[in-house]
Structures are given as C-alpha cells and as structure tokens.
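Letters are used for the chains, namely A, B, C and D, taken in the order the chains are written, and counting of residues starts over at 1 for each.
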Amino acid sequence: MNPVNYLYLAALLFTIGGVGVLIRKNAIVLFMCVELMLNACNLAFVAFSRMHGNLDGQIIAFFTMVVAAAEVVVGLAIIVSLFRTRHSASVDDASLMKL
Amino acid sequence: MENLIALLVAAPLLGAVVLLCGGRRLDKVGHWIGTLLAAVSFGIGVALFADMLGRTAEDRTLTQNLYTWIPVEGFQADMAFQLDQLSMTFVLLISGVGTLIHVYSIGYMEHDERRRRFFGYLNLFVAAMLLLVLADNYLLLYFGWEGVGLASYLLIGFWQHKPSAATAAKKAFLVNRVGDIGLSIAIMLMFTTFGTFAFEPVLASVGETSEGTLTAIGLMLLLAACGKSAQVPLQSWLGDAMEGPTPVSALIHAATMVTAGVYLIVRSAAIFNGAPDAQLVVTVVGAVTLLFGAIVGCAKDDIKKALAGSTMSQIGYMILAAGLGPIGYVFAIMHLVTHGFFKAGLFLGAGSVMHGMNDEVDMRKYGGLRKYMPVTYATFGLGYLAIIGFPGLSGFFSKDMIIEAAFAKGGTEGWILGGVTLLGAGITAFYMTRVMLLTFFGEKRWQPDAGGELPHPHESPKSMTLPMVILALGSVFAGAFFEIGERFLKWLEPVTGYEHGNPPVSAMTVTAATMVVLVIGIAIAWTMYGRKPVPVVAPRGSLLTRAARKDLYQDDFNHVVLVRGGEHLTRSLVYLDHSVVDGVVNGTAASVGGLSGRLRKLQNGYARSYAVSMFGGTVVLIAATLLMRAV
Amino acid sequence: MSAVAASVSSMTSTGEAIQFWVLGTVAVIGALATILMKKAVHSALSLAGTMIILAVFYLANGAYFLGVVQVIVYTGAIMMLFLFVVMLVGVTAADSLKETIKGQRWLAALCGLGFGTLLIGGIANAGLTHFNGLGRVNSAGHIEGLAQLIFTKYVFAFEITGALLITASVGAMVLTHRERTERAATQRELAEKRVREGVQLPPLPAPGVYARHNAVDVAGLLPDGTPSELTVNRTLRARGQIRDVSSQAIDDLKALEQASSERLGREEASK
Amino acid sequence: MNFPLLTVTAAVPAVGAILTAAVPAARRTAAKWLALLFSLATLALAVLVAIRFDPSGDRYQLTESRPWIADFGVRYELGVDGIGVVLIGLTALLIPFVIAAGWHDADPLETKSTRWRPTQGFFALILLVEAMVIISFEATDVFLFYIFFEAMLIPMYFLIGGFGDRAHGGSEENAATQRSYAAVKFLLYNLVGGLIMLAAVIGLYVVAGNFSLQEIIAARAAGTLDMSTNTERLLFLGFFFAFAVKAPLWPLHTWLPNAMGESTAPVAVLITAVVDKVGTFAMLRFCLGLFPDASKWATPVILVLALISIVYGALVAVGQRDIKRLVAYASISHFGFIILGIFAMTSQGQSGATLYMVNHGLSTAALMLVAGFLISRRGSRLIADYGGVQKVAPVLAGTFLIGGLATLSLPGLAPFVSEFLVLVGTFARYPVVGIIATTGIVLAALYTLVLYQRTMTGPVKEEVRSMPDLRLREVLVVAPLIALLIGLGVYPKVLTDIVNPAVEHTMSDVKQTDPKPEVDVEAKNGEAAK
C-alpha cells in the first residue's frame, strides 16, 4: 500500500467535515464537524511528515491541536452563553446578519 | 481740453454714486447735489463747445484715451472718448435738457419720499447717455446703450409699488434687450470683418468689404436702433413706459434716450452709405413707425400716451431721414434737437397739468385749463405750434427739411416717402390740436378723484415753470437759429457728410403742400373736438380708433404669440426637465435599486448559507488553480 | 512499529495496509455518523471513535507523541468537554435534521462532492510516490527530535500558543460568567413577589401523584383522572417529554374493577 | 524649488479645517472666527501667489515636484498658469464671504447642546472644500488632480445633506428627505462621472506611462508619444464626461437644481461658484491640453450641447417657482457660455471663458447670498411668497437687483466683459452658434427681471411687512462683492493680463490660431504709417 492513501483519507474526512458544517444546524455538532476537519488536516500533516522525512509536519499538527483546543474552549463558551440568552443552540436562530 | 471729456461723464456718475450710496442723511440735499452735478456737466459741455468753435472744421475732433478696457489677444476695447461735432450736439442737448429737467423735478418730485434716489437715477441716466454719445468705439457705446436702458428701467419702474409700473419697466428692458442682440451681433460682425470695432478704423475701411457684410451690419444696427428708439416692430414698450414719472418721460422717453437709435445710424453713416438695401429698410421702418405712432397718438385719451405716440412718430421722421443717406443725416439730427426742445417742453407741460389735476391723465377729464394754468398753457401752446410745424417755429424748419429730403430721394421711393411724411405732418397737426383742445379749451369736464374731491387746478411752482419757459424758447427759436445761414448744416457736415438732393418739385411747393395738410389736420380736429362738447367717457369709435387705442393690436399680438407661447414653452420645458431628463436619471437609479432588491434576497442572513457560498467559492478557486496549472 | 517507521520504501507493510483499510473504513463511517446522527450525543461518540482511529494512524505514521496526545487531549479532554456541553445545553428542537433553508442540503452536497473530487484528484495528480520515512530524523530519539524543533525553530510559535491558551481560558470565563448587577433576592422577598404577582403560592404539585408511576416524567393526575402538566419539570415540559399515563391508569382501574366484580360475582354465585 | 507656496496655500485651509473641527462644542463662536481667520489667511496667500506669478514668464510657475507613488509614476506635482492663479484667487476670495454669510446657518436649534458640534463641522467642511479645490487648481499631475477632484465630493455631500436650508415648503421631515435625496443625487452623479474618468486616467497611464501633464503635453508636441485616434477620443470622452457632470452641461445637469435648492445659500454658492469651476477649469487644462485632436473632433457636439444649456437653462429658469432653483438653472445657462467659450477655440473665447468663471462666481455669489438673506427672513423659497420687498428693505432689494443685473450681464458689471468675449470668440469661428447664443442675453434678462419684479416690486405683502433690511454683517458680505463686480467690469485688465498668456499656451496646445479678420485694419494702418 502506498502511504499516499492516508492523504486520500484525510481529504475524504475533510470533505465530510465540511459538508457537515453546511448541513447541521446544531452549533455543537457543527463544532464537532470543524474538529473533524482539523483532524483530517492533522492526518495529512503527519503523512506529509513521513513523506518528507522531517518532523515539522508533526509540529504543525501539534500546534493545530493546541489551537483547536483553544477554539473549542472559546467556541463552547459562546454556545453556552448563546443558549442562555436564546434557549437554542441552532445557528439558524441567529440570523441577525439580515437587516 | 480733451482731458475734460471724461469729466462730462464723471460728474453725473459721481452724483449717482453719492446719491445712491449716501443713505438717508442726504435726503435733504440730494436733489441739489444731483442738479448741481448735471449742471456741472452742462458747464463743461459748454466750455468744450466754445473751445470747439474756436477750431477749424477739420480740427474739431477731440479724443481722450483713458485706458485699455478689455485687452485680449486680437481684441482691443479702449475706454476712450471721441468728441466731434455730432457728439457735441448731443452732449449739449443731453446735459442741457437734462439739467432743466433736474430743476423741474425738484418741484415735481417734492412730495416723494424717495426723491434722492430719483435724482440718483437721473444722474445715472445722464452719465450713461453721455457715455453713449462720447464713446469712440461700438463696445463702449454698447456700455452706455445698456446703461441708459438700466436707468430707463429704474425710472419707469420708479413707482414700483404699482404693478403696472414694474411690468412696464420690465417690458421696456426686455424689448430693448431684443434690440441689443442686434447691436451685439453688429459688433461681432465688425470684429470678424475688420478686427476692430472702434469708429474711426471701421468707418474708414468700409470700402474694403462686401456690400453683403455691410448690409448685415446695417440691419443689425437698425435692429438695435428699433429697440432703443421704439420703432416698429419693437415699439411696444414706449407707451407703457409712460408709467414713469413725467420728468422721466420728458427726458428719457422724448428728448434723449429714444433718439439714441438715430444717433447710432447717423454715427454709422459710412456703413449705411455702403449698403443701400439696409438704407431702404431703415426708411421703410421710419415711414411705418411715423404713421403708426401718429395713428396711435390720435386715439389715446391718456395725455402722456398721446404724446408718446407722437414721440414715436417724430422719431420715425428722424429714422426715415437717416435712412435717406447723406441728404438726410443732418436733418435727422436737426429734427432730433428741435424735437428734444419741444417734446420735452410738451411733456413737462403735461406733467404740470397732471400736477395741477391730482395726477389725472385722461384728457377727457380736463378742459378749459388755459385760465387756470397760464404759463403752462403758453409754453405748451408754443410747443404745440412747434411740433405741428407752424411756420417760423423750430418744427417747421426741421420737419420741412425732412419732407423735402424725402421727396429728393427720387423715383417712386421718393414720392412714396414724401407722401408719407406729408400725411404724417397732417396727422400730427390733427392729434396735437386734439390734445390742445381737450386739455386747455372747451368746458371743464373735471371729475372728482378717489377722495371725492374735485381738482383745484393751479399753476405749478417756479422750479417747474422755469424749465418749461426755457424749453418753449428753444422750441420757438432753435429752428430758425439753426436754419439761418445753414449753420447747423455747416456744423455737422464734416462728420456726417451732406449731399444736396434735387426734389422733383420745388421747395416752395413742398412747403405749401405741408401748410395745406397742416390746415386740414387742424380743421378736422377742431370740427371734432373744438366745435362741439367732448364726452367724458370715450365713445366706442370707429374700427380704426379702437385698433389705435389698443396700439393697433401689436401688444395683443405680442401677448398671444410671445408671452403665451413663451409660457407654454417654458412650462413644457420645465416638465421635460423634470420628467424626461431627470426621469432618465431617476429611472436608472430606480432600476439599479430594483436589481439590488432582487439580489438582496440571496442575503438570507443564515450563516450556513453564506458558508455554502464560501465553500463553493473555494471549489471554484481550486478548480481554477488546477486548470491554470494544467494549461 | 519501529520497523514501519524506519522503512524508506514507498510501500508499507501488508500489516499496515490491512490496518489502514479496516480502520480507514471505520473512520469514514464514524465521520459520516457524526454528521448524520440526529442526536448530538451520538455524533460526539462517533467523532470520538473516528479520533481514536486517527490516533492509531498517527502511530502508524511514526508520530508516537501525537498519537498519544490525540488520545489524551482530543478524545479524552476535548470530546468530554463536548459531552459536558451537550448535557448542559440539553437536547433542543434544533436537533432535527429537517432542513429549513431551501436548497441548502443539495448545494452543500454538490459543493462537497466537487471539493472532494478536486482534492483527491489534485493529490492523485501530484504524483506523491516517494516516502522518505522518519528514520533519519528519529535517530536521536523521537521525542528529543520534536523537543528540539519546538524549543528552537518554533519556540516563538510555541510561546504564542501558550498565550493563546491562557487568553482562550480567560475568554471562556468572561463569556460564561454572569455578573450580578443587583443583590440576590432573599427568600422573603421572593415570597412577597410571588404573592404580589399572584402566581402559584404553595409548592408545585409533585409528579406521579395519584398515578401508578411515580417517575418525574409522568404527570400527576387530577381528581378526574386527567394529567396536570404543572406537576412535571419545566425542562421536560418544554421538550415535550411528558409521559402520559392517564388513559392507561383509567384502563387499569377499569380492569381492576372488572376483576373485583368478577371475584365478587363468583362470591355471590358461591353463596 | 524654494518655499512651497502652493502647498502652503492649499494646506492652510486644511489645517484650519482640522483646528475648527477641534474647537470644543460650547465655543462655537470661536470656531466661526477661527474659520474666518484661516480663510482670510488663505486669501492672503492667494494674493501672494498672484503677486509672485509672472504673466510673461514660464507657462507653469511656482512648481513643486516630489515623487509620491513611485511605482506608478505618480508625482506630487503642483504648478499654476494664469488660469489657475485667477481661479485660486476666486476661491480664496469667495470663501470668507461664504463663511460670513453662513455665520448663523449652522447654529444648533437648541443653544444649550454641548455634545453635538454642527457649527464646527459646517465651517470645517467649508475650509476642507476650499483646500481641495485649491489643490485641484494647482495639480499638474493627472492622478493627483483626480484624487482631489473626487475627494471634494465627500465634504460637499455632508454640507448638502447635513446642513440644509431651514426654509422649506413642507414639514421638517419632508425637508430632510428632500435634502438627503439632493445630497445622494449629487454624490452619485459625480461619482459616476468620476468613475468613468478614473478609467480614462488609468488608460492614460497605460498609453503614456506617467501622469505628468507637462511631460505628456511635451511628448505629444514632440511626437514621441503616439496615441491612436480612437484611443485619444475614448480617453477624451472619459475625461470630458466627468467634467461635464461637474460643470454641469445639459443633459447632465439635473443634480444642480436639487443640490442648490436644498442646501443653504452659502453652500449653494460653494457648489456653483467654486466647486463646479473645477469642471470647466479641467476642460481647459486637461481635455484641451492632453487631447487636442479629440477636442477638435468633439467640438461640434459640445457646442450644440452648450447652446442647448444656454437656451434651455434660461427658459427653464423662467418657469421656476423657487428662487434658489431659478438661480441654479441660470447657472446652468451660464456654464453653457463658459463651455462654449472654451470649445470655440479662439483666444477671445477662452479668455472670456476664464473670466466668465471668475465673474460668474462673483455674480452668483452676490445674487445667491442676497437671496439667502431674503429667504432667511421670510422662511420660504417660493417666489410667490414675496412681493413689495423693495418698499420695506430697499438695500436688500438694491443689492439683489445688482446681483441680478450682473447675472444678466449688464455692461459695466464684470460678467458682461466675459460674456461678450465668449460671444465674440464663438462668433468669429462659428457665426451661427454665436448668434443663437446671443439670444441668451434676452432670456437672462427675462428670468432676472421676472424674479425681481415678483419678489421686490408691487404691493407689499402682509408677511414681508415687518421684514428687516440688511444687517451690518450682511452688508459687509455683499458690498465687497458688488464693488468687485463693478471694478472688474470697468477694469478687467488686472485679470486679462494674467490670463492671456495661459490662453495662448492652450491655443498652441490645440494648434489653433484665431480666424483672421476679413479686412486687416492693423496691417493697413501699418502700411499707411510707412
């Protein structure tokens, strides 16, 4: 097997995550999909690291995880406070972008 | 000596500035300042005249160049004056009659709270009129030309709280402006033809251009003259202009400003001499106006309007004479001067009558005034005799000369023109006798005024009668003075040129014919107005009378065609501007707005929907990148 | 495993291939389950599964450190955080998979299809065949290699991520913290307010009263046998999760009566 | 390159604008005096520019040149020719009058208000416009010019939309709607023009490789810069469209009546007397200078449009019921004359057009400011609401009449000189056009006198009976303008001396010479002298 399959897998997961972001309304699930996309990226980084024979890819994946953690913390906090005020975690309820 | 020329203009101009900017504190002395400065101008004029008499005929033209007014590449207009015999004649007439009318106005306008301003306007007029006749180029003449138009506008509308006065003023200015188009175009033509518009070079080189150009210039100058001198077809404003105070009518609308057209034509003699077609049109205009004014004058019951018709008619004589060419120029000016005397006198007399009759202007409500206003009666009477051409008085000489010259034109033209002038003389005699009879003779037909009070006619104060007396003297003696030894002819000939015409009939025959016509005119008038009592309310009258009362329907024509037509045109243009021109603009805006409204629906406010767009955009970008690399 | 990491060839061992195909299939199924499951809890669990598989793949690719971190931090901490929030927020009506925006699902699928095709096509097109392996860089030890990079080349980025984490935690506190703007009402004041507003003065009735079930989601019955919604917890009411047992209770009663009358009748007959 | 006089002249009002805006809310009187002071300082600098300018010297003087955006060859290049000097003078001269005339126009309705600073804003915006207009007159770099040409729309937008006329027919709300409509229309109209010009500016850069007016003109004259006929025509149209909107030329004029009608009188003066002049100035400097052949190509159409502007503007003015809109349409007519003079391509026409810009500025300022004083007294813009004002306020009526007479180009007042030069210049090359344009003088008299008659004469209306005459401040605003109108009417040489050489340069740019008179009197006199 060629390790490039990992990249195909990563692309597939990324796409699934992206579609998930678009079709789900629940902010929490939406967030999970984002996490899925990030993880797919990480997988690609790791595979690239193996391909190029250096560790920079892994380092970036590591940073991605840190950022993802931070993002989840803030994002979930936003969801919680949003839920408090609106009693809903649906992103469609917050359609204030339209005048 | 020539340095004094500018002072001629400057003195009354100073007066105008001081009086108009001086404010209320000058109310007490304003009229004295105005009169004094007009008199100063007259004094300078006399001094220059004396100086001029002391020179030989060739040496009499004085020039003074103050500075270059408009210096542009290829276009040079100087603020320069030229004083020759022709200008001198006008200077004396304007400043002389002007001063007299200033004096008269002191009394006439005594009770008007805006007398200071009146004198300011009068001074402004004198300054502008002097500028007009002293200019050494057509553009500066245009300056003066419009200046007198402004003064005329201000003075006709002096009692502007009366809507009729304000309208008359506006009308006068507008009709004059139509004439000004002619003057503008004439100047432009001169500029393109000669590269200059100063009198001396233009008039000296008329021989080098085609007759067609000269005819065009001449016709344009005639248009200007028609506007200013109230000639057909631009005559309609003069009757209405009588809304102004009577001294104004005397000075501006009888003696001086309205004769500016004659000045313009005589001044441009060289151009007209080179354009016989234009000359013919000039004589025709003069002849038509002569009859037109005379007929209108016969029907008017308003004393000032009757006199206005007479003015129109007399200026018709002058224009006709000017159109005759070198045989007529001198007589045109001579009639202009004598007319200045007697018509100013007549107007001042009319003013005096109105002054005594509570500002009543309808002659049918006068009658028998000779006992109550002896001085007015005498001076008015002398003016009357002068205008109808009573032998020995001014009008006799000057008018007779024109009639002779008209016959001397020769050919059928000569006969027609001569006949018209003769007929005009007869009608003049008729309408002037009518005025005289209605005003001073017959029984009293006085009517109570608005306050229910019958007027108490009385002689006017000295300040008013004195100018009348002086003008009456002028009316009596000026003609004879000019004619003896052909003084006037010799005086003007170097400027205008002269050519003795050969009338088909002898001068004596013409004079005799004139006398006959004169007597017939008087006789008809006496039959109609002297022999039997005159009704206070005007009878319906014949068709001609009714037409003449309405200025031969000229105003109605103007109203229907120009005013109504103009109103419709303006209204439709305003509509067009709003709905079509602006409509296109607003329509564009509205359609863009509509399109935006449609596009706005894509913005549904759902973040996910936007995310799809972003995702789709990413797809497109990636595809584009791959495609680019593949290619 | 070290043999896998050390291999320089472009092909992997058969073992890894089997592992990839098996686990990769599961990972994709997990991912699909994440986005298609109706309930958030199920999504979270599917996602956790996918992540664990990814951790295995990290290990397979020689990223031992990341594989461990993935399990501990992601699956252990972050996913638990998700579950906590799901608990906190609860299950809402928004959970329904019914699409509200017209054409959204179709567009999303279309874009996803296009995107995936392009991405996979791009990768295939790139001709990535040669894999160097990590043998050389891991010669001084894997963790040491990572540590050297983090604390030299990426030291600033590392510091900044530290700052980012601090900021994030402070931000989360700020976002969720509610400042008291007024003094908390005392019990007396609350009672007075209730009297003033005329709402239910005594404590709400308990669920399950006069009923055979005494679970919290079963409404208490009124004397006529109809259920009273007041007795059920507000949250459950909002979610519509009230179990209605009233009819069943009446049926039970009828059955009881019948049974007893039968017995009584038998007794009468025996008499 | 010693003292950057031109930069300073433009910078002083800009600094003034900032300082004025910074004055605390409660000290609004101080802000007014500060603005007036800075406008007077600018005037002094403009006079200095005029003194330092040598009419017989180089074409562009007092030049400054610094690199700005080096990558695109954009330079900060300033320089003035005679036309620029005169127009800078006009701008610097009018602004103090505008400020003085608008002294109370931006006072807040409730005097105690301390938070909002409309007064400061009003005067700061006026100074800002002044700075931008001046630098537009100075710029010899096309891009630099373009930037300020467009940027001045922003302060103007706020001046029109934010400080409308308090005198209006309907309710306050209605007035606000009208005002914002006018402001938006002004902005959009000019932005569209500017957009098309931007395309042309970029096109010019593509063709010429730099933005420097002088370099491009020199290159074209030397034949080193080839521009195909079609390119030149397209670029010309792009520039001309923007300037025709700004000028404004029929049929692109409809924003002007709205803008002038809804803004306060001083702002209306600012629009028509100052800002619009940038359009006509730019036609002279950029259209003719950069695209001489295309200008000649487009001349017939432009002359027809100018003629339509003259007659149409005047006729529509006659039909107006609103004093300010009447003046606006009169201005459209006058702009027709200016454009006619520019494209007649004779020295008389172009000198006349330049003088016309100045004189129209002065005469419109006089008429419009007096009209503003009148409107502020009665609170109505409708002509029908007035009558007999002459009786109660003779000074007001007198100054109004003089303003009107200047508008109808009475000889003796400055506009006559310029109008006649334009007519003569046009007639010399296109006699028929000249004759038709001449009818404009009757129409001008018509709308002016009708306006005067309806408002000032006749019986005194009850509502105007207690109308006060001009106050000292107002007299101080109008009197110098009238003095200038008369002064320049009898002695225009002060301006023509500066303008003539610049016009000669422009004439040589377009390679035109004046038509020769049929009979050369000068030559004949010369022979006679020999």
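Quick note on the criterion: a contact is a pair of C-beta atoms (placed from the backbone, for glycine too) under 8 Å apart; a residue touches a chain by one contact, two chains touch by 3 or more.
Predicted model, so just to flag it, every value in this text is computed and none were measured.
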Chain pair, B-D or B-C, that carries the greater number of C-beta contacts: B-D
Please tell me the distance, in whole Å, between the geometric centres of subunit C and subunit D computed from their C-alpha atoms. 71
In whole angstrom, the CA-centroid distance of subunit A from subunit D equals 61
Mean-CA-position distance for subunit D and subunit B (Å): 36
Chain-centre distance (mean CA atoms) for subunit B and subunit C, in whole Å, is 103
Residues of subunit C touching 2+ other chains? 101, 104, 107-108, 111-112, 115, 119
Using the touch rule from the top of the page, what residues of subunit A touch 2 or more other chains? 18, 22-23, 25, 92
Among all residues of subunit B, those touching at least two other chains are 604, 606, 608, 612, 615
Pairs of chains in contact (touch as defined earlier), listed by label: A-B, A-C, B-C, B-D
Of subunit B, residues touching subunit D in the complex: 20, 67-75, 79, 139, 142-143, 145-147, 150, 153, 157, 160-163, 165-167, 169-170, 173-174, 177-178, 180-181, 184-185, 187-189, 191-196, 201-202, 205, 208-209, 213, 566, 569-571, 573-574, 577, 581-582, 584-585, 589
Footprint of subunit A on subunit B - complex, ascending: 603-608, 610-612, 615
Subunit C residues touching subunit B - in the complex, by the definition given at the top: 101, 104, 107-108, 111-112, 114-115, 118-119, 121-122, 125
Which residues, counting only subunit C, touch subunit A once they are in their complex? 10-12, 14, 16-17, 20-21, 24, 27-28, 31-32, 34-35, 40, 43-44, 47, 50-51, 54, 57-58, 61-63, 65-66, 69-70, 73-74, 77-78, 81-82, 85-86, 88-89, 92-96, 99-101, 104-105, 107-109, 111-112, 115-116, 119-120, 123, 128-137, 145-146, 149-150, 153-154, 157-158, 161, 164-165, 167-169, 171-173, 175-176, 178
What residues of subunit A sit close enough to touch subunit B in their complex? 18, 21-23, 25, 91-92, 94-98
